[in-house]
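In what follows, chain A forms one complex with chain B and a second complex with chain C.
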Partner chain A sequence: MTMTEAPPSEAAESSAAPLPAVGGLYDWLTTSDHKAIGRIWLRFGALSLLFFSVIGVLVSFERLDADAIDVFGGVNSYFQMWSLYRFGIVLMVAIPLFVGLATIIAPMQVGSTNIAFPRAALAAAWGYVLGSLITVISVLAGGGWGALDGVSGDEADAIRLTLLGTGMVMVSIILGTICIVTTVVSLRTSGMGLTKVPLFAWSMLVAGSVWVLTLPVAIANIAVLYIDLSGGAGLFVGAPNPSFDLYAQLAWILDQPAVYAAAVPVLGIAGSVIPVVAKGRQVSHEAMMILLGLAGLLAIGGWSQPFFGDERDTLVYIAFGVAAMVPVLASLGGNSATLVSGEAPVGIPPAHMIGVLGSMLLFLAATAAGALRVIDPLDLIGTTADTGVLNLVAVAAILGSLGGWWFWAPKTDGRLFSGIQGLGAMILLLLGGVLLGATDVIAGFVDTPDVLLASADDSLGDAMIVLSMIGSIVVLLGVLGALGAITLAYVKPGEAGDDPWGGHTLEWATATPPPAGNFAEPPARVRSEAPLLDETPGDEGGES
Partner chain B sequence: MTATTTQLAAPAIRRPRTVLVGTMFASGAALMAYFGVLAVYVSERAAARDAGEEWFPEGVIELGPSGWIFWTLVLAAFTVQWAVQAIRNDDRPNAYIALALTGMFGAAVFNQLWFIINDTGFALAGTQGQFLFFVMTGTYIVFLIGAVVFLALTTMRALFGQFGPSQDDGVAAAAMFWHAVSIMYWVTWIAIFVTK
Partner chain C sequence: MFTTGFKFFFGLTIALTIGAVAYGYSTGGEHVGPVTLGWKGGVGDHVGYLVLIGGAFASACFAGIIVAFRDADPAAQSHYMGVEAIAPTTPVSGSFWPVVGAFGGAAMVLGLVLGPAVFVLGLVICSLVAIEWTMDAWADRATGDAEANKALRDRIMAPFEIPVAGALGVAVMALAASRIFLNATKLGAVVWAGVIAVTIFGLGILYAARPKMNRNVVAGLVLAVGVAVIAGGIVTAVDGQRDFEHHSEHHGDDHGEDHSEEGEASE
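Up next, the complex of A and B:
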């Protein structure tokens, strides 16, 4: 808040002064530098990614034969881990990775010296860490989002703690997102009208707005369920034995259309990366912005929650389900046109290009599967197709954020990550994502139930579940590869240079790593969405 | 922290004001959370009525006290805007009076709501209607307290000499959140107290 109160002349004089180095715990707890705050999100998000990938493999393994295999020690424990994976991979991995990347990159993309409300952004980052830990620990203590087989009093306490932790993660995401979207709206540099905002920053404005308006509805659900469980008569959750109903009341955020919002920034990252790879401008920047807006609009899903009855057979639900494919497909087409019209990369393709293209393909597959899922005669709702769509969206978001992280590594971490290792990890994630998601969708066609407590009654369904488990292992290998490459970059740091890719947007005008205040001097007046491609800065054109 | 705060200065350009924009998004989130609870209330009430069940016993919820809250909040909407305008005109005595009056109206709303809750004699673990009535009023009180605290902090900053004709963001933001909380009640009044 203080930032807008400093007079411009004072700001210009002090913009290059260094912030205290972020080293000890005290610095991490008190920093107001958006790069350090973003790194909290990214690093804890990466750890969460590893944790939930392992949980995903274990859940897939038990799902092979629920009668014979007992990894977690009982039906309730299996259900708790099954639901933990689903909430975790979306709320504690996919969205936080985007928030972390945007906390670092979005202010620089719009030419700002810092994020809006840096202390609120810091509180959000630590709130996310704390909320995630509370959630995971409470689930391990017997909590979770309900149980299938009755619970004890202690477990009911743990369930309340899980609800609290989940709510805390959501509040943190909302707070962190408000800081990002406010930066994009209010702290753009001179000449950068909304139509000239780089696509990643724009995608965060769109997706962030959807999160800010959707997650509070889920928090409201949590509040109702928490109070009902604590002092109410158990009207909604089946207290004193919270049942599957509790999970079902909240699962709409993991279901289409709401879950698509977790992957919308993928389109923005691709829109920022592809023109740089192609060494040319985006074919139609404004059209891409409109498509991103449409993708966000079609991901608003608070209305489809079970509290309002079963909305999943209504015309609106079907229309949202089918239409969601359109902006993703058109956006992929636009990026492909940009790639074709520019210079094709020679030799081994860069990891970030494969990452963002793969993430778009997975997102397209998710929306296509979602479009099939809403067609009533196919009867896919309630089958493993639900999990298939969720996994496709989640891996698309993870692959997209990792692709973006690879691209912006000089600015996020002050070093380049290994291209070869990154490429291997991205390919593994893409293949794993397809295996993990598509096989569950196919298994849905033979009516394989989503919460598997017994083997599927169909050989095709059984085969698909085996393939899905192999997919979860391939995803885990991809995650290990990516995190290994990031760790290695810290062990053996290489020279990154200020602009190793020939970037088009203002973050590439900063030094590597970016100093406190980002820019040594205020950026020149922006004239287009790719300011670094404009040869001579001037005052003509552009909105203010 | 002086060195840090000066480094964080915004570029020298007039953009929609940061505090105001941030509060706009926060108010949107607050409204969605509140209307999320209200939507649960309305849909469950509709389901109960379709099933032929009684939602509230006849005559338990009276329109009078809730109507007073409605009109108190209408008055407060004017006083909080009076504060914004006074700050813009650098008329600090008027701004202090307007902020104090708005805070007082907030306390009056809280008092009246507390009376209504006690007057109904509902129990949290009672019927679905009673439970959701508690959840609705409780959630509203949380947001009302939030708005009063925001207003109190703004008043204190104004008393310490902050804000002025070229810098009314803080007061305008507090007013925006106040209006959002007023809207919550006005919709609730129609959905719960008028249509019962």
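Up next, the complex of A and C:
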């Protein structure tokens, strides 16, 4: 056989430039460039963000007065939308935005020419799109994660479709995550040991590992529910309260500790952005890596699901709930120290800085609320505090990913997004997140039940529900502002420059927009976690 | 000598082992059972002990793998491989198959609700994707020349792809046309037959004149077909099965409305 003209090893350098892109729809469907694949995640994640923000407002509106307001046409429809919002905001918005950002940025941060398994990454992106569509359409058509008035024969098909669509989204997230994790583990450039990996890439390694560990458990739950609905043992369908028994089998991924995994990358984005804003090194890179690892460890939650019995009154659950605060608080402290020790920005703060700091504050608030929630005498479990923690985590993740998107926009989209519009959107999201989450937590203290359409029976609880709805509107305004600014950046693109912020990591050593293959020449041997600072004359850039 | 990753997992192994032994003795472990994996004496609570000791074994394995690969440090790897730097990732050509695979997966998901036919369709699509994907992956690494790789791949796969694609195209066309003919009037069927024939003829001329179609047009067609399959599936799932006519034993009976009622009654 003489088919091989040159061995791959010899040809590797000459073939480093991939085939030219055709552009348009063809590229969307066939691309093997990680930046185009990441943009699929980001675009559909942004669309989902808008959709689920609207659903969130409608759900909050109906919650104001269950007797007088009927937005969705019945209690069952309300339950479907209520659960759609909860699953959607985590599985179809928060996590996909991180996966999209990481698919673009993580390979460049570690000095790789592409993501590992680019075709699998493309399949994952489209699997996410199709799975989300199947899920949403099936819910709108009468499916969902259970039914308040019991599952009838006609509904069972649509519910099974919802479950399978959710499973498809999860499988896609796992597949996309495996590509990112493999890139960070095995495609790092010369000299970049694990301890020198930039914090965002590291956070995706941590969070991705938690997702890969956790989501298959949820997929197993889906398999059990599917079989149960398809004429199995009737474990949940035949139970006295089928709606919640069905929903609860899967809802543990929206509950602490598992829900924290959706926001772990926030710590990594902040760890990458803050040193650049402060124009100095992270005060302790390795300590931040350990804190991120701890945050990920405390977000493993497959064990706390009701399938294994009620784990929520065990010592382990309480310990996880309280301890989760520690790495987030310490990470915020580390970033604050970096900010204080460096050069504080003069004038209007950049949008990405407000975004990542705000997201860390919201994440801290979520873990603090979670710590209160597991304290038994407070009796918060089962109240609106459950939704409060979920919303705080979700908005933290959204704000963090948007902050990261603003920061890395020259590399993700080849242009800068408006700083002023971004700042406004980030502030709105921060305020909205606080209102949306904190009010539900406070309402939980007066025993406002999380059970659907139940009245608060308390004026404070009623007031908090009104404030929560206002919070959801403010969040929607923030989302509209952010997406509007991104759209405007495409209508009137401005000059971005290769490194507008004075970045520290390798993605800023590429052109804007980055070419196919990312680097014109392989990066020089890396000596620290901030390689571009090492190249600056006068900077020691010692090994960390 | 010992890498950071090794130290972490080795430390975790020690901690989990001590935890397992302590847990074993605190939950009724006897003699040296918790220390000897139950060889002499009980280990206490089996589940907790097994989780902890299992974790210790897993960590030990990780530690071994990580130290063997030097924490996946590229510099160390390149040293052991005897090269100056590890080669960049192999460029991967663009491919429709990942998207087709995603649609195949979606068809399988729909098939689990709609019925075995759609599921099998999805399974067939995924199987074809697996073969094509494998060949693409092989061809990408065959030589250092991307164009030569593509030619090589086409030389092997085209003899299979073109007949299969042709057969599938004819099958889809025949199925679609049959649906139209069954729903049309007699005159309408004649008109439709003419329209379809002219369309096929026109497409043939177009293809003969411009064999290299715009890739975005091809992409649009693939997407349209995929979306049609998925949307049709979801609509069918939501609407449920159509009412089938159940023929009674009275052969030759022309009163269809009575049949559907019989069918429903029998259910």
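Here, the second predicted complex is superposed on the first by the 507 of 544 C-alpha atoms of A that agree within 3 Å, B and C clash if a C-alpha of one lies under 4 Å from a C-alpha of the other, contacts with A are read in each partner's own complex, and residues count from 1 in each chain.
What we mean here is this: a contact is a pair of C-beta atoms (placed from the backbone, for glycine too) under 8 Å apart; a residue touches a chain by one contact, two chains touch by 3 or more.
Since we're looking at a predicted model, the values are computed, not measured.
S.K.: Looking at A:Val181, would you say it contacts chain B, chain C, both, or neither? Reply first, second, both or neither.
M.R.: A:Val181: touches chain B, not chain C.
S.K.: In the superposed arrangement, which partner chain does A:Leu213 touch: chain B (first), chain C (second), both, or neither?
M.R.: first
S.K.: Tell me which partner A:Ser190 touches in the superposition: chain B (first), chain C (second), both or neither.
M.R.: both
S.K.: If we overlay the two complexes on their shared chain A, which of chain B and chain C does A:Val316 touch? Say first, second, both or neither.
M.R.: neither
S.K.: Tell me the contact category for A:Ile420 with respect to chain B and chain C: first, second, both or neither.
M.R.: A:Ile420 contacts neither chain B nor chain C.
S.K.: Check the residue A:Ala223 against both partner chains and state whether it touches chain B (first), chain C (second), both, or neither.
M.R.: The first partner, chain B, only.
S.K.: Which holds for A:Gly231: it touches chain B only (first), chain C only (second), both, or neither?
M.R.: first
S.K.: By the touch definition at the top of the document, which applies to A:Pro118: first (chain B), second (chain C), both, or neither?
M.R.: Touch status of A:Pro118: both partners.
S.K.: Now for A:Asp157: first (chain B), second (chain C), both, or neither, which partner does it touch?
M.R.: second
S.K.: Does any part of chain A touch chain B in one structure and chain C in the other, and if so which residues?
M.R.: Common interface on chain A, chain B vs chain C: 3-12, 14-15, 17, 19, 32, 112-114, 116, 118, 120, 185-190, 517, 522.
S.K.: Per the contact definition, I'd like the list of chain A residues that touch chain C in the complex.
M.R.: Touch list, chain A to chain C: 3-19, 21-32, 112-114, 116, 118-120, 122-123, 126-127, 129-131, 133-134, 137-138, 141-142, 154, 157-158, 160-161, 164-165, 167-168, 171-172, 185-195, 226, 517, 522, 525.
S.K.: Which bits of chain A are touching chain B when the two form their complex?
M.R.: Where chain A meets chain B, its residues are 1-12, 14-15, 17, 19-20, 32, 111-114, 116-118, 120, 174, 178-179, 181-182, 185-190, 209, 212-221, 223-224, 227-228, 231-233, 235, 302, 307-309, 516-517, 522-523, 544.
S.K.: Can you tell me which positions in chain B touch chain A when the two form their complex?
M.R.: 1, 3-19, 21-22, 25-26, 28-30, 32-37, 39-40, 43-44, 47, 124-128, 131-132, 134-135, 138-139, 167, 169
S.K.: What residues of chain C sit close enough to touch chain A in their complex?
M.R.: Counting only chain C, the residues touching chain A are 4-5, 71-75, 78, 85-99, 101-103, 105-106, 109-110, 112-113, 133, 136-137, 141-146, 148, 152, 215-216, 218-220, 222-223, 230, 234, 237-238, 240.
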